[in-house]
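One structure is given here, and the rest of the page talks about it.
Chain nomenclature is as follows: A, B, C, D, E and F, assigned in order of appearance, with residue numbering initiated at 1 for each chain independently.
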Amino acid sequence: MSDRPAPLHTVNKSPLAGPALQSCLAHLTDGAAVLLMEDGVYAALAGALCAGLLADALRDHPVYVLGPDLALRGLAGRALVPGVSIVDYEGFVTLATRHSLVQAWV
Amino acid sequence: MSDRPAPLHTVNKSPLAGPALQSCLAHLTDGAAVLLMEDGVYAALAGALCAGLLADALRDHPVYVLGPDLALRGLAGRALVPGVSIVDYEGFVTLATRHSLVQAWV
Amino acid sequence: MRPKRLLFVARCPPHGGARAAEMLDAALIAASFGQDVHLAFLDDGVFQLLADQQPGPDGPRNFAAGFADLDDYDIDPVWVERDSLGVRGLSAGDLMIPVTLLDRRDLAERMAEMDVVIGS
Amino acid sequence: MRPKRLLFVARCPPHGGARAAEMLDAALIAASFGQDVHLAFLDDGVFQLLADQQPGPDGPRNFAAGFADLDDYDIDPVWVERDSLGVRGLSAGDLMIPVTLLDRRDLAERMAEMDVVIGS
Amino acid sequence: MKFAILVNEAPFGHQAAQSALSFARAVLSSGHDLVRVFFYCDGVQNANRLAAPGNGETNLVRDWSRLASDNNVDLVVCIAAGLRRGVRDANLAPGFRISGLGQMVEAAVLADRLVTFGG
Amino acid sequence: MKFAILVNEAPFGHQAAQSALSFARAVLSSGHDLVRVFFYCDGVQNANRLAAPGNGETNLVRDWSRLASDNNVDLVVCIAAGLRRGVRDANLAPGFRISGLGQMVEAAVLADRLVTFGG
């Protein structure tokens, strides 16, 4: 199954506005990755309450954040949780091809 | 100001799906009351994680729950947090007349 | 072409709009098209299965009736996350249909084995 | 008829849809109709005021520009809940306009003094 | 007492519009005045007469129209929010009228209580 | 690789539809196939040609129509979800077609990846 390793999970809600991020992070399996998009990108903010949660996930899983959605929200120049990688939409497409499926936590 | 004592706060979101209930309860002033409606009625369920939060609020504030929304969700016959009062839409209207304003936490 | 393993994930409560009912519709159609369809309920989605829901004359349609069709469509078992029930003070006996309770880790593993995951 | 004290409460983030922008529109119109208009930002609503928001060419309109109009409409001061900023790792210096920081208790008291409270 | 109602959610994505209608009926049955129902944000979809729910589903658009004709209730759709979302004269249900945000402000000023549903 | 996209949110109440469009463009610019975009739930509002956003606002309905004409993308609106919400042939934007949920299942089966936006 090396070509279909594990799911890519997308989170599009603010971490303080519902359980999407927490639920998503609690369901990561070996090889799974997380992409924060839309209001989900607020979770990448260093210093936010949920930063520890994300840092924990980053020990075992890559976490990506959609750059255009950071810029839209005024977060482009701000400090993010260390280890989070910024991708654009082409990067999102590439991630989707490399993972077995895309599961949206909305 | 005896005829305009304090606000009535409505909460229409599930307590585990966002910060509406918690935020609302943190902003109650003297004389304020809470009406749980739509998915907000899940907060009235005895045994749920947030039951303690509601019980705390009930020491100082009346908490009402909309009966038709309980029935819709299968909660009509279930144990509720002690002290919560069930009202119908006419009761909601009466509450609105007795409070100074109606503030929706959505 | 072999049927795909399609999982519909329900995480929202039942009566906040048409979303829950529309996701159930989609699952039933997928099953009728011969796909290998699974349903998982977690977070507030477990409220969709609560027994004794009484839609009023003015309310939205009684989508709960749709769950009775799951057998006809050969969708079973229905997966429910045990932890999601627990924090809501609920147990399997409170639900309108028989379900398979799964721990979070087990549900995560099964979701990861699907071909397609749809829903919220 | 004396102007009413209208409070618009912003609790949702800015770019998840038109809601934030439409509430700001409503506040500006109310002010232009001579009402005594107030704005309060709490929970994720504080993100609406974050500086350096860069709407792309394809994105929704730049509603943040609307905040620049607040002075013209005599809407001030803007109330922001201190605790909501803190748990998000933000401070008043991160915001695009000057605001009045209020503790939760103080904001609650001011909200209770209004004639009408609109918004989420 | 004079009530005004603000509806911010569409009829089929959210329960708020149904709640607003039930509240409106209770205002009238309790003998109070309902000075206006204002439809804003996604709430403008309540006025889309092309909506045709399936069998056994509530038709909220029709129910609002009936409320207006039976009780002479003023149903106002925000023009800007409606244009954005494709609700305009071409598909406006009976009993609704399209106007500006000033009508919402006026409703808030004229009524003793403004009650918001959804948002 | 073959992609399909599921859009569950209306264009003006949520960013999801804009995200879906940006993702669709990236799929095409990356040289992949886009077998279908299926509009479900409130997502059917993306096909309402009566929508007319204000100056400076994105017109997502028009942008979808352009995507369809420029790239021959199959845009399918769920008939049941559309009827409920007042999106039907009478107000359907160019480039969209109305069909049943079977088209969503087919898209999920034909594509290597189904990516959901909103819900």
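One rule holds in what follows: contacts are C-beta pairs under 8 Å (C-beta built on N, C-alpha and C of every residue); 3 or more make two chains touch, one makes a residue touch a chain.
For clarity, every value in this text was computed on a predicted model and none was experimentally measured.
By the document's definition of touch, common neighbours of chain A and chain F comprise C, D.
Because chain E and chain F carry the same sequence, their contact can be compared by residue number, and over half of the numbers here are used by both.
With chains reduced to the mean position of their C-alpha atoms, the one farthest from chain F is B.
Looking at C-F alongside A-D, one finds more C-beta pairs in contact between the chains of A-D.
Relative to the C-alpha centre of chain E, the farthest chain centre belongs to A. Spacing of chain C relative to chain E, judged by their CA centroids, is 33 angstrom. Chain geometry summary: the mean Cα position of chain C and that of chain D are 39 Å apart.
The multi-chain contact residues of chain E, meaning those touching 2 or more other chains, are 8, 12-13, 15, 22, 41, 53-54, 57, 80, 84, 114, 116, 119. Residue positions of chain A with contacts to 2 or more other chains are 16-17, 19, 38-39, 68-69, 101-102, 104, 106.
The set of chain D residues touching two or more other chains comprises 15-16, 18-19, 43, 59, 116, 120. Under the contact rule defined at the top, the touching pairs of chains are A-B, A-C, A-D, A-F, B-C, B-D, B-E, C-E, C-F, D-E, D-F, E-F. Residues of chain B touching chain D in their complex: 6-7, 19, 23, 26-29, 32, 100-106. Taken in their complex, chain A has these residues touching chain B: 16-19. Interface residues of chain E, counted against chain C in their complex, comprise 12-15, 18, 21-22, 53-54, 56-58, 63. Within the complex, the chain B residues that touch chain E are 10, 12, 37-39, 68-69, 88-90, 92-94, 96-97, 101-102, 104, 106. Interface residues of chain C, counted against chain F in their complex, comprise 1, 4, 6, 18-19, 22-23, 25-26, 29-30, 33, 35, 116, 118-120.
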